[in-house]
Amino acid sequence: MSRYEQFHEFRSRLNCRILGSDEARGNGVDGKPNVGATLVTKRFFTLDGQAYQDGALPRKTKELMGLVASMVLRCDDCVAYHIDQCLEIGVSDEELFEVFDVALIVGGSIVIPHLRRGVDFLDSARVARAKGRTPTCPAGGE
Amino acid sequence: MSRYEQFHEFRSRLNCRILGSDEARGNGVDGKPNVGATLVTKRFFTLDGQAYQDGALPRKTKELMGLVASMVLRCDDCVAYHIDQCLEIGVSDEELFEVFDVALIVGGSIVIPHLRRGVDFLDSARVARAKGRTPTCPAGGE
Amino acid sequence: MSRYEQFHEFRSRLNCRILGSDEARGNGVDGKPNVGATLVTKRFFTLDGQAYQDGALPRKTKELMGLVASMVLRCDDCVAYHIDQCLEIGVSDEELFEVFDVALIVGGSIVIPHLRRGVDFLDSARVARAKGRTPTCPAGGE
Amino acid sequence: MSRYEQFHEFRSRLNCRILGSDEARGNGVDGKPNVGATLVTKRFFTLDGQAYQDGALPRKTKELMGLVASMVLRCDDCVAYHIDQCLEIGVSDEELFEVFDVALIVGGSIVIPHLRRGVDFLDSARVARAKGRTPTCPAGGE
Amino acid sequence: MSRYEQFHEFRSRLNCRILGSDEARGNGVDGKPNVGATLVTKRFFTLDGQAYQDGALPRKTKELMGLVASMVLRCDDCVAYHIDQCLEIGVSDEELFEVFDVALIVGGSIVIPHLRRGVDFLDSARVARAKGRTPTCPAGGE
Amino acid sequence: MSRYEQFHEFRSRLNCRILGSDEARGNGVDGKPNVGATLVTKRFFTLDGQAYQDGALPRKTKELMGLVASMVLRCDDCVAYHIDQCLEIGVSDEELFEVFDVALIVGGSIVIPHLRRGVDFLDSARVARAKGRTPTCPAGGE
């Protein structure tokens, strides 16, 4: 599995485990359905989706902001998620590398390893998407 | 002095102290010119300015990214600086409050006190700018 | 004004400015009502309140968790807010100093200045509360 | 090896390497015993253990505080360690998911990938513990 | 009071309040001696002092490391404390500005406001020390 | 491949991908040369190298500062990079463990997992270097 597919497989599986129906969450070692997220967590995931919708600012600007925030906070999976969303809405590589500029200047050299892994994910995502693999993520969360 | 003027006064004075000429840096207790920034620091300040210039992405998007990054990293002065830059280029309050949305969702409730101080600065800046006070910051740094 | 009163005055005023009705938000320099928080931000504030209510864990444990999280993330106003909530529900000083232990061990010496300011706020809050000053914060946010 | 066993294997091996006797630390490429932790680091590990003992607050509350602090600081191994400690003292899944609520609200969506990995570790730990595998960690550190 | 004197006054007063004898901690609103730090916190403060003593590395290198760590973690009071310790042991301004270089490059532009406040404190400390004011801090903590 | 070799392989490959010539960056799925770093990012990498050169402070002190900053910011790859640089210039294990002391005290128990992985990398690097494997990293970045 490519890095792109690994990312989506784990993310989808755990989103089901945390947010899904009794059946989707699976059973625990005691044979009963796993305990999943509370209402607070479920509402947070919903709110997370709403924050990136078109409004006074277009969704594209918001995804770029989500990406830069993920980079300066140095969260690889969040970077991967927002890069994938950016590709989904047609952001170019030239634009992405200018997002990386701002993240690097604001966040410093400590961002560099996350930049490397972000570019590695970007290449993996471009390949997967060219092959028509654009997994629809189950709703919820970065 | 309003919060807006305090911000600019301190920022300008210290930028001179750190980046300025021998004269601008002032003398130390030994009567000699204060030691100021090295070439590395000076170049970093220059690079910081270049990262927000129009390119594949417009300056406006980059300022919004700078603002969201400053909020999730919880740096009040950086938030103030980028809000001021946003006003300079005509960003509306509706747009700013959507930047705050993304910062709050990505960064969590820990961002709230910085949101309060950011809005307080915004109000102070709108008043100062309506009166024609738009201090030209000496080049350099958030 | 004591540190305790300053904290509540600023917090209340800005919560009104951000979350309040047209009237409570006040008018901007253009004479129109200030733009305030979006629905996303308002819902986040509501969710923030819900996360600390009694459930499988009692509210007291959640407030202690909110306090320790605020200390390791080094947010003075969040620390002040949670200390005040802890006093509201009868947490003792002995218990608070054990929360400080965990925060110090997890977060390191970088937490110490926030510990000092937290204890200073605690003393100020005990005095204000003994005098019967226990301002009801307008709903919303740390 | 499951995620649970991998976690404990690496943690135990490195704790020996860092804190252990000459023999336990092993030899370096020069054939001499590896250099290990100083007294300062050893004392810090001891202090780390003491911070979670019963006092004015019970150990359970302190472990929950350790877990929430680890989540908002986004340290996967610290999250795994505190989840395992919570299982050891009988914390329920319903309680754990309310700790996740507080972490998510305080720390924001950047916490989500750590929540996913935390739940994945939780499931792995429940399985291992049901099989009677509850490795006694060598003393020391999160 | 200068920034330098304010820093030391608050630090000394709160160190007494937290770490001091019954008398030094003062009485609370109930007329009883204030509750102070636990043994865990007291031992942590002691350990904090030990970490900067001469060893395989000289104290000077350790103070410079403490300063750079404080800058990238963006803790103004920690920066002030370590700058003051650096002056105590004769670190030059040229050396300090190279510490600032590393902090700026590692930590990014988000460090800049802390750099400004650090240089402002440095100037204040040089003046106070030239006048013979070098307050002996009560033992304990950054 | 050892941890040491994996680290260098990924770092070298991605540095080429990001900073290299058209040929070194490789072609994308569209058959055209991959888009690489902008001038801002390239200049930042250059500046990153300059910050650690001999000056008022020797390179060794700067590498130790880079290491401690990487540890308190909890970036495993940055820790690995600076440990490798330290070995390159002859820093002893006794000195490294005193850097770890300062990082642990400043950054707290949250640093412990990074300490474990740092020591694991150190052992891997000592073995690789004893065998004569000291890969020259392509210029650029932590």
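Labels A, B, C, D, E and F are assigned to the chains in the order they are written; within every chain, residues are numbered from 1.
Keep this in mind: contacts are C-beta pairs under 8 Å (C-beta built on N, C-alpha and C of every residue); 3 or more make two chains touch, one makes a residue touch a chain.
All of these numbers come straight from a predicted model, not from anything done at the bench.
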Any chain that touches chain F and chain A: B, C, D, E
Intersection of the contact lists for chain C and chain D: A, B, E, F
Fitting chain D to chain E on CA atoms, where both chains share a sequence, rotation angle to nearest 5 degrees: 180
B-E or A-B - the one linked by more C-beta pairs in contact: A-B
Whole-Å gap between the CA centroids of chain D and chain F: 26
Computed distance of Cα centres, chain F from chain B, in Å: 31
Whole-Å gap separating chain C and chain F, where each centre is the average of the chain's CA atoms: 40
Numbers and ranges of chain E residues touching at least 2 other chains: 38, 40, 44, 47-48, 51, 55, 69-70, 72-73, 78, 92, 94, 97-98, 101, 104-107, 109-110, 142
Pairwise touch network: line, ring, star, complete, or other: complete
Partner chain A, residues of chain D touching it in the complex: 74, 92-94, 96-98, 100-101, 104-105, 109-110, 112-113, 115-117, 119-120, 123, 126-127, 130
In the complex with chain A, residue positions of chain F that touch it: 10-11, 14-15, 17-18, 28-29, 34-38, 40-41, 44-45, 48, 69-70, 73, 75-78, 141-142
Chain A-touching residues of chain C, taken from the complex the two chains share: 38-40, 43-44, 47, 50-51, 55
Chain A-facing residues of chain E, complex: 72, 104-111
Chain A residues within the chain B interface of the complex: 47-48, 51-52, 55-57, 61-62, 64-66, 68-70, 72-73, 78, 92, 94-95, 97-99, 101-107, 142
